[in-house]
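As structure tokens, here come the structures.
Presented sequentially are two complexes of chain A, the first with chain B as partner and the second with chain C.
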Partner chain A sequence: MAKIIIDGKEWEFEEGMNLFEACTIARGGEKLPHFCYHPGLPVAGVCRMCQVEIEGVPKLQIACNSTVRDGMVVNTRSERVENTVRQILEFHLLNHPVDCPICDQVGECALQDQYMKYGLYETDVDVGDKVMKHKAQAIGEHVMLDAERCVLCSRCVRFTEHITKTNEMGIFNRGNHSEVGVAPGLSLDNDYSMCVVDLCPVGALTSRDFRFRKRVYRLSSVDSVCPGCATGCNMRIEYADGVIYRQKPRTNLAVNEYWMCDQGRLLYKHVGGDDRLEEPFVREDGELSPVGWDHLWSALKARWEGLGESRRLVLVGSPHATLEELYGLKSLLADAAGGRVLGHRLDGTEMDRDDGFLMAADRTPNDQGARRLGYEAFTASELHDAGGEDALLVILDNDLAGLDEAAAEALGSYGAVAYLGWRENATSRVADFVLPGLSYAEKDGVFVNKDGRAQRFFKAVDGPRQAREDWRLIAELGEIFGHTPTWRAHHDLLSELSARLDAFGALAGGIGEEGTLLDGDSAAKEVERG
Partner chain B sequence: MSDFPKILLDNVGVENSHTLQVYRSRGGYKSAEKTLKTMKPEEVVGVVKDSGLRGRGGAGFPTGVKWGFVPQNSGKPVYLLVNADESEPGTFKDRDILDHDPHKMIEGIIIASYAVNCHDAFIYIRGEYGWIVKRVQKAVDEAYEAGLLGKDILGTGFDLEVIVHQGAGAYICGEETGLINSLEGKKGQPRIKPPFPAVVGFLDSPTVVNNVETIASLPWILEHGADAYRGIGTEKSPGTKLFSLSGPVKRPGVYELPLGTPLRELIFGEEYGQGMLPGIELKACIPGGSSVPVLTAEETMAAKLDYESLAEMGTMLGSGGCIVIGDDASMPEVLKVLLQFYHHESCGQCTPCREGTGWLDTILERMLAGKGRPGDLDLIERVCQNMAGLTICVLSDAAVMPTRSFIAKFRDEFAALLPKDEEPEEFVPIARSAEDRS
Partner chain C sequence: MPYSIHGPQAATGGKGSRMRGAELWYLKEIFRGMYVTARHFLTNVFHMADMPTLQYPDEKPNYGPWLRSRHRLMKREDGTPRCVACQMCSTVCPSDCISIVAMEDDRPDVEKRPETFTIDLLRCVYCGMCVEACPCDAIRMDTGIFEIAADSREKFVVDLDFLLNNTTDGVKP
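Up next is the complex of A and B:
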């Protein structure tokens, strides 16, 4: 450990630690002014904003390329430092168009934010014509570039060079004609292209999906976890007035670091999609008709009772359902009501390529949670064999018919099918009862990722008026089968399952910000990851 | 001033001095042979340290000390990169060696490589020196054929490959880490330090970057010894140095002088510049390449050409590119040429340099176009202040040093471009105009 003094106060840090990070801690979380430094990228040291005074060193030094050494005395707030930052910021603005009123970055612009603090306000800048650069270039499917707003921090270039290793971007020309862009003949179309929008400290790189849709300072944000695959990238859902506008990665060094894929980022479009199940449906005279909840429950009860003395309940979970829902389904409808759990997913479905970075082969978010609750994969023939005219099949958010033709046929062998889910699909279309639930963005829950890490996500927006929280639907179903759940509120589910099941004992103390690893195997992996 | 041995230009002027045959006939490669056969690498480093040879590219850092930074047994190869990218305005000294005596440099490369345990050396030649690239390549080929390069040089078991590389014509590639990036095929931009090239340089391996003139001094030093070299020049600036003299002098060109020689000797000496062209008086002189502070005529007459004396006068020996400025030249116009150069050559990485070089150029352009404003000189000073010492490399400082010194020493000429202090135009409120109308 090294003892160092920052702004008059003594601190102990690891010798060799990045000085920028040490200063952030010493300044109570307030980062030094900067554009180019990013903890997930190699140091470029080009914006020259994070200048600090180090005793015994005549020149100011940039903190991002300095390391903590024992005995160091650092000053981050001296007049000399602040004056220099002010002047360097003026250089940044020299050829910047200052078109804030029409720029989408307003509200989350490092240039704007830092000018509020380090602005010269009275400036001598008068260079006549600014250097003209290319504007409004669609450099990829998801990203728009305005080179004039760019401060040439090179974060985007370093991202494509060191993180995706796709090298689409570069800085072309020299001096004050330097201009960021994509290499001739290429476009920015890697699976992580929108990360450059997050990285861009100014309005140079903007999301084609989000731009001009909402001022960012009107957005609220909630912590969430991407439901797109088994990696479980941490993210924020940003919304306003009940509408989701974008999803952004949330830093979790143990999972996704600072990044997420474009596909996951755009999943929010399904939440307000045209295929939402917005009302309960009951099949009457062969047609699915929208009905009220009361009607659905009584029709379902009648149907259940009509299946005769030998009536059976067969349950299918889902790797898309939350841990709480899967527990509710199992504990209430199987353990208490005597239903038979077939499993949580059709064997071999919803698998794709593992890209070696964040996109996992398993494209479901909670396979590990389901398996730890005892769910297993099943085949279409098992689905068929469990059927019968006396069987009611309850499917929790799982498009069996869409995933496998044989499974679609197998559904026909059941006396009745009830589908709980939030999107219309091949399965909901053949069900006899459709119970509209909520999407990941409309409820709280826990997913367990591929490494056995339990992670919480929270509600951002309300679902369709007639949709209900899935766990409540499961509770209602219990009542139909004559069993009242032991849990009355959503959080009861998590406390009950962590108290009752050894596999989830680790969750008893709550789930940490970085998630909580459920078992030893993964804990070992954690150590390996460093 | 003719009583010193010529170390660098001894062969220049001899017919076909660039050929191996002539070079050898004048004793060439004997020093390298002696070094390889009789000395240990660390002894070579010792001799060079003792000789006090300082880097001739501009910074003047002791060469032996620089070599000493190369870690031994790093498990990686050591590279020697010869910096032949001289492209600063007023600097054209290496050209004489490259053009007329390339074998002297090659011999120096053998010695330096042996000293730092390098087996792959590169000669990075300025892009605009097209014909020189061919000449140097030919010399390298000759050396290979004669067994002076390649495997088992002169039967000593020492291997050395030399590759000639032509740059693409960017000033910044003469900065050693910019050169390394360029040689690696990357954009020619200086690298952030630390790490320093001696430890992590070309291809992430220990790397020594030496100037052509530095390398070309080695054969003489190894042949005659450190003491002989120290016998020339001054105590802290031993040896001879090349000076490229340009401007309105009778005999511009490249001259070799012992360090410590008066600057007036270079400009006015019979064997050197022979004084100003008829009708032109000396007004100023930039002694060390365009990046160093300018000297007034008076200072020029008093200056001595060594690292310490010039530093005392607030300027630098730099590369030895001596630009003489006559009284027929306008200092703002001269400065404009320099600023245009730095504006054009800034790599654009660091904000203060990228924006500052362009800003200075723009302000001066405006002033020269008769659109100067009263506060312009203060503005230039403020811009300079914020460009100096705040960037990865010193290109930013290189633009600031001439700018500040030009304005400090020739302020009148710059002030003349600004409007005289006039009464500000009277502000006429609209109300009064309305009264007038009524």
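Up next is the complex of A and C:
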């Protein structure tokens, strides 16, 4: 440990620690002014903003490229430091177009924020004298580049060099004419291209998807977990007036660090998509027709009772459903009402390539949670064998018919099929009863990722007016089959399952911000870099 | 002429005295009031041309260039809106009456322009902050139109087309 004095106060840090990080802690979380430093990237030290005074060193030093040494005396707030930062910021603004009115970064722009504190507010540079660079270039499917706004911090270049290792971006030309861009003949279209939008401290790299759609300062955000694959990247859903505008990664060093794939970011489009199930449907005279909930429940009850004395209940869970819903389905409809649980997924489906970084082969968010609750994968022939004219099949958010043709045929052997889910698909189209549920952005829940880490996500926006929380639908189904659930509220489900099941005992104390490992394995699995 | 107040305040204050005689019947004040009315009446009768009454709505007052009247949006030389949809006006608006949807423009020198721009004139408090906030001088409140009437609430919500072609029958800029 090294004793070090920052701004007149003594601190103890590990020898060799990055001085920028040490200063952040010493300043109570307030970071030094900076553009180029990012904890997830190698240090470049090009923006020269994080100047600090170190006693015994004649010139000011940049904190990001210095390390903590024993006996160091550092000053981050002296007049000399502030003057220097002010002048360096003026340098950064020499060729900046100051076109904030049409820039999407407004509200989360480091240049704006720092100008508020270190601005000169008077400039000697005429707009006409500025070096003009290329504006509004689409450099990839998802990213827009405005080279004039760039402060040449090289974060994007370091990201493509060290994180994705695709090396599309670089800084071209020299001096005043330096310009960030993609290498000739290439375009920025790797799977993580939108991370450079988050990394860019100014408005040089902006998202094409979010372009001009909303001012950033009008967005509210809520913590969530990406439902796109078994990695479970932590993210924030950003929304305004009940509409989701974007999804951004949330830092979790144990899972996704600072990154997230483009696919996951754009999943929000399904939430307001055209294929939402917005009303309850009942099949009448061969046609699915929209009905009210009362009608659906009475029709479902009548059908159930009409299946005869030997009527059976067959249940299919889903790796897309939350832990609470899967527990509700199992404890109420299987254990209490006597249904037979087939499993949670068709064997071998919804698998894609594992890219060795964040995208997992398993493209479902809660496979581990389902398995730990006792669900297993099943085959289409098992689905067929469990069927019969006297069987009611309840499917929880699982597109069996769309995933496998044999499964689609097997669905025909059931007396009745009830589908709970939020998107219209091949299965909902052949079901006799369609019960519209809510998407991941419209409800609270827990997913267990591939490492057995339980992570919470929260509701961002309201769902369609007629859609209901899935756990309530399961409770209503229980009433139809003659069993009242022991849980009355959503949080009862989690507390009951963590109390009753040993596999989920770790959740009894609540789920932390970084998630909770169910196996109690404290050595978090390192995120491998591809 | 100080008033006298009946009751305890008058009794204890010592400033006023109890009214009596003609004062008790407000006789003096009645004649004073009638004098004022008669003076104005006779002035108007003998100097009809200088009568301060305006024959509104046939005659309209001139409030001068500082009047904040119904908004209009300015055009570029080619007739497209000058507005770049930066939404500063709707951000600063205290009554939240401006709503803008931005879109991309394919002209090389214009990146962003409004797709829709609506002002709810019923919510507007005519504070003029939008005009001050606008970085492009795209919105002005100089049409001179301050009488705004319609037969439904919806008609008070004016759109981009209306605002761009808003007649300036008041003071010209």
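As a working rule, the second predicted complex is superposed on the first by the 513 of 530 C-alpha atoms of A that agree within 3 Å, B and C clash if a C-alpha of one lies under 4 Å from a C-alpha of the other, contacts with A are read in each partner's own complex, and residues count from 1 in each chain.
Basically, contacts are C-beta pairs under 8 Å (C-beta built on N, C-alpha and C of every residue); 3 or more make two chains touch, one makes a residue touch a chain.
Computed from a prediction, not measured in an experiment: that's the story for all the values here.
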item: Fit or clash between chain C and chain B when superposed on chain A; value: fit
item: Chain B versus chain C as contact partner of A:Ala360, first or second or both or neither; value: neither
item: Greater chain A contact set [chain C / chain B]; value: B
item: Partner chain(s) touched by A:Asn176 [first = chain B, second = chain C, both, neither]; value: first
item: Touching partner for A:Phe91 - first (chain B), second (chain C), both, neither; value: first
item: Chain B versus chain C as contact partner of A:Leu346, first or second or both or neither; value: neither
item: Partner chain in contact with A:Arg215 - chain B first, chain C second, else both or neither; value: second
item: Touching partner for A:Leu19 - first (chain B), second (chain C), both, neither; value: neither
item: Angle at the Cα centre of chain A, taken between the Cα centres of chain B and chain C once the superposition is applied, in steps of 10 degrees; value: 90
item: Touched partner set for A:Val43, first chain B, second chain C, both or neither; value: first
item: Lowest inter-chain C-alpha distance for chain C and chain B in the superposed arrangement, angstrom; value: 15
item: Chain B and chain C footprints on chain A, overlapping residues; value: none
item: Interface residues, chain C side, partner chain A - complex; value: 84-88, 91, 102-104, 111-112, 135-136
item: Chain A contact footprint on chain B (complex, rising order); value: 170, 187, 192, 194, 343-352, 354-359, 362-363, 366, 375, 379, 382, 385-386, 389-392
item: Chain A residues touching chain B - in the complex, by the definition given at the top; value: 43-49, 51, 59-60, 65, 84, 87-88, 90-92, 94-95, 124, 127-128, 131, 151-152, 154, 170-171, 173-178
item: Touching residues (chain side chain A, partner chain C) in the complex; value: 100-102, 135-136, 211-213, 215, 217
